[in-house]
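Naming follows writing order (A, B, C and D), and every chain is counted from residue 1.
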Amino acid sequence: MGTTTKKRAGIIGGAGYTGGEAIRLLLNHPDVELAFVHSRSNAGNPLYAVHADLIGETDLTFAADVAEDVDVIFLCLGHGESRKFLESTPIPAHIHIIDLSQDFRLGETVNGREFVYGLPEVNREAIRQAKNIANPGCFATGIQLGLLPLAKAGLLNEVHTTGITGSTGAGQSLQSTSHFTWRANNISTYKVLQHQHLKEIRRTLQALQPAYSGALNFVPVRGDYPRGIWITSYLECDLTLDEAYRLFEEFYNGHPFTHVSRKQIDLKQVVNTNKCLIQLEKTDNKLVIHSIEDNLLKGASGQAVQNMNLVLGLEETAGLKLKSIVF
Amino acid sequence: MGTTTKKRAGIIGGAGYTGGEAIRLLLNHPDVELAFVHSRSNAGNPLYAVHADLIGETDLTFAADVAEDVDVIFLCLGHGESRKFLESTPIPAHIHIIDLSQDFRLGETVNGREFVYGLPEVNREAIRQAKNIANPGCFATGIQLGLLPLAKAGLLNEVHTTGITGSTGAGQSLQSTSHFTWRANNISTYKVLQHQHLKEIRRTLQALQPAYSGALNFVPVRGDYPRGIWITSYLECDLTLDEAYRLFEEFYNGHPFTHVSRKQIDLKQVVNTNKCLIQLEKTDNKLVIHSIEDNLLKGASGQAVQNMNLVLGLEETAGLKLKSIVF
Amino acid sequence: MGTTTKKRAGIIGGAGYTGGEAIRLLLNHPDVELAFVHSRSNAGNPLYAVHADLIGETDLTFAADVAEDVDVIFLCLGHGESRKFLESTPIPAHIHIIDLSQDFRLGETVNGREFVYGLPEVNREAIRQAKNIANPGCFATGIQLGLLPLAKAGLLNEVHTTGITGSTGAGQSLQSTSHFTWRANNISTYKVLQHQHLKEIRRTLQALQPAYSGALNFVPVRGDYPRGIWITSYLECDLTLDEAYRLFEEFYNGHPFTHVSRKQIDLKQVVNTNKCLIQLEKTDNKLVIHSIEDNLLKGASGQAVQNMNLVLGLEETAGLKLKSIVF
Amino acid sequence: MGTTTKKRAGIIGGAGYTGGEAIRLLLNHPDVELAFVHSRSNAGNPLYAVHADLIGETDLTFAADVAEDVDVIFLCLGHGESRKFLESTPIPAHIHIIDLSQDFRLGETVNGREFVYGLPEVNREAIRQAKNIANPGCFATGIQLGLLPLAKAGLLNEVHTTGITGSTGAGQSLQSTSHFTWRANNISTYKVLQHQHLKEIRRTLQALQPAYSGALNFVPVRGDYPRGIWITSYLECDLTLDEAYRLFEEFYNGHPFTHVSRKQIDLKQVVNTNKCLIQLEKTDNKLVIHSIEDNLLKGASGQAVQNMNLVLGLEETAGLKLKSIVF
């Protein structure tokens, strides 16, 4: 396929972790060209001045301006910054926006732009038709993927969830909780029962099971590793383990990145991939659902590229067949 | 205090992790002499042939036989092995037994020996009078310390608990789940909702709150670090946060190793100490209790030495003022 | 490109780390089909029964037999096992062998098969013409890439090298030195000044600088992380830093995976990639060379696929544009 | 021993890592009372507001002023800050100063105060007579302890040293190289062949072997763990391995913290202790010396307390019988 037929993508906020991962994915994408990476503070510097691993892979430099000859723009900005950017920067209407912040996940609009919630496992067709995408949160992706089949079957009730996240989830700013000496071999929690992703999770679940009003109890844990999210949810459920497995397997049949495993899973099976793996257990009347993902890929930039593929009519898996780190 | 007045202690099963920690504590204990360390497979070798960090600290060798001129014997054996040992080895009646296995935690006896459950925060006076001690499990210690004040106040109902443990909890045998390449940066769960410690936990809680029959839902997690247990439990509770804090502070007032923190805690505050720290949070009608400990110390050998101090009439904290690793 | 035109590859010994990485690379290779993965002990099982991260990526099962309708076979066997395999298993002469063991790196032959040392940065043209390839050792690759330009310029003398390797370098067998509890946060050395890779390193260097007879002092270190090799070498050298940089930059100009960085490098820049990065420093009369690689990729299976590409006349980088883990 | 007979110690700069470790050691010291901990920025706050692991151990608060009724003051300040402090703050002449910075290690004086270099293994008697101590650097301690016996025997020539340090060596300030996401699973070097400790090392070695003028080549490495220093040095040496071992064993005979091991050592044997372990190897004409220590204890605050014990006429090991973390 000649490069003249390639789609073109730009990135706003290319100096952070999600921006960096979007760059890495797009540089190797077979059908999309990385047209520009915008960063005010780094304008003129080569990408590898910030993302040092890219040395030898590209000579692209950070751009001070936003080019308009692109098909899609990724907003890899902090929460609140995406709205500010779109309010202050005119983007031609033909350009798709894929926003990785939480600014438009609950139905918010800006300058008339509406956003489809970019969780392909529940919204694939809507995403294909969408102009703009609100990419889901990292915890939100993993928790929802563990609950969607139950919601669709009307089986949700009070849910108890623990989620453990790698340090990349906290971004690259220097904080005491991201200091190596503090975090190595350490465990702590934050925003217990109060995580902001609960809103977008409940919104999706209620779209599938409108009467759902049970509590979503979520304990977020800071893990002492860089990458990946482990989620264990459980709830009361009358299904046998086999019935539950069949419910999940049918739901995810044909979804290219979300797979159901009848064997025990562990987090590193998905690190550095765009996959989500799900495993079930049943004890007494409780169904246990484990779901795992890479917080920066299926939980952020990988899913954003998956959404881009859908929005642009490309193969859903294009550029996302990634070798796991595994060890 | 002259060494002639020192109490004497022996260790059965001194080659493993809990045996090694018992050795380290007793070598520095001001009032107790380490009389022998029994290990059939290592008899005749110096302790530092197995516990290499002890080089320069002791010239003691592993003993093939069990000396009888001791005041107390620690059984640092695998589950099931303590019972076998006591059934096959005559131990004079005057010697106290402190068993670290789970063999006698639920009221079991052997050769007429009865065992007091060695959780000083609830059984201190009984321990002082006891001949034999069943030392609590590591998860069991941390979970119970997080729930005891509520049980005493009759406030327990269904409890939701996540516990993350370091790899030392799995002992020193070579297994795929303790292989460095696998476990580094990895997360997994095991025995979800089915952990064997639930029995001893329920037994203690029901002694304080006899009518308690709520579910104890416990998700054990393998952490990717060697040492320490993080526990988060939550349940419905009408107390305000301040009321709950006062309930806990009153309960643990005067207990030398278990402390209530009104600031956020993190696991490394207790690693390499005999302490348990507890922190509370309140969201809507849910009370959240975080409790942390070192699984090999307060969760095993440290608590065993604490029990020995009580049984032998020594200062409860003797030999247990340990410098935390903290970083 | 239709699949009918794809080359076909087989793997012998597909259950280990290097076999697993070869599988992962070949499953995503654009021009090569993974025809079979041989493993006696796992025959009939799906690949993901052993390499659990492959769930959802392939339904291929391990094969009991060696198919002959392939273009190339990778031997991912232990040292000594490759020779035994080739002595006992007739492989048709048209099939290329790429051996990852150390059995044929010093000019050894088997059944008349000769092997070209598969370090493309020095042997690219010979590799293109070769029937069989002896893939270099992991440490050997990194150390040589740090010294090749100096050898070619005749500037080598006594070399002082420290190499730190991740735990994957020791394979997946369960040993005390790969036990998580032992290795986490730990450092140790092995085979100090006696590592077996010194032979193949000296052989390559002497081919470039025939009079070279200086000592190669190599201190191998076990790092407490899974993946990657850091090498620092230094030697007396009269070049200025800039002259040295120009020597290295000229030498590696056009080599697709080995790059010279004038900025400080760190190991994670190359983890999960097939790259080698090199950085120089100069203090007094000593030239310092840092070289880094992923021990399982550029140090093993990645370089093997690179060699396969050369041997089969494919694009050298095909299937090897890998996203680094970086964080 | 009654508290009335205890010596009294103060700490200047108690909010950092070395200050925190000094606090932890002094709180448990049998013969010394921690009289005050000075910290301008934290004055009035309890120690555990900064060193959270101390909750339940002390109610001491940070002091705004420097009390004068003490026997010894530890300066746990940054390099350059100790000199400034002593120039601006009058300290009564009877108070011993133990300075942990590098300000007085090369014979510098301030207000007429002279400092003895506080390496007991070479300067014990001078330390016992000293008013003020310049506590050695962390790398300097480990490297010197590996070379002292050779220097005394006049056997030093060009030395090649690699040292790997935990992140605590870099202190608690937030920097990109101490960011968890960056440093986890990563390796890098700094100040290669240019580390500032080389000066104090050479000074000590030349005191023992006056004619020594060989190069000290030192490659400092940032390890991806919090605590501990691993050092491997090698040099040409005609001694057999056994002769070398006997030289080292005789030299360190009677030294309570530095031990020679004829078995392979690993870093965690000394973490959280005040010990230094040394192991030797011999290959061809090269003698290899491994030496390990905890950078914050034998490499800083532990050695400072050891020096205090000597200066105050206490048992050298008092308060320093520490349980290693080991796992």
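Convention: contacts are C-beta pairs under 8 Å (C-beta built on N, C-alpha and C of every residue); 3 or more make two chains touch, one makes a residue touch a chain.
Values in this document were obtained by computation on a predicted structure and should not be read as measured data.
Undergrad: Quick one: how many steps at least from chain A to chain C, stepping chain to touching chain?
TA: Minimum step count, chain A to chain C: 1.
Undergrad: Would you mind checking which chain's C-alpha centre is most distant from the centre of chain C?
TA: The chain farthest from chain C, judged by C-alpha centres, is B.
Undergrad: I'd like to verify one number: the distance from the centre of chain B to the centre of chain D, where each centre is the average of its C-alpha atoms, in whole angstrom.
TA: 33
Undergrad: Measuring from the mean C-alpha position of chain A to the mean C-alpha position of chain B, what distance in angstrom results?
TA: 41
Undergrad: Just give me the whole-number Å value for how far the CA centre of chain A lies from that of chain D.
TA: One centre to the other, that is 47 Å.
Undergrad: Send over the residues of chain A in touch with two or more other chains.
TA: Answer for chain A, listing residues that touch two or more other chains: 17, 166, 168, 181-182, 184-185, 224-227, 265-266, 268, 271, 327.
Undergrad: Tell me the shape of the graph of touching chains, choosing from line, ring, star, complete and other.
TA: complete
Undergrad: Using the touch definition up top, name the residues of chain D that touch chain C in the complex.
TA: 160, 162, 164, 166, 181-182, 184-189, 192-194, 217, 219, 221, 223-228, 230, 232, 234, 264-268, 271, 281, 283-284, 286, 288, 290, 292, 327
Undergrad: Would you mind writing out the residues of chain D in touch with chain A in their complex?
TA: Counting only chain D, the residues touching chain A are 17, 166-168, 172, 174-176, 178-185, 224-226.
Undergrad: Applying the document's contact rule, which stretches of chain B touch chain D when the two form their complex?
TA: Listed in rising order, the residues are 17, 20, 24-25, 28, 49, 51-53, 55-57, 168, 184-185, 226-227, 256-257, 259, 261, 263, 265-266, 268-273, 275, 277, 296, 321-327.
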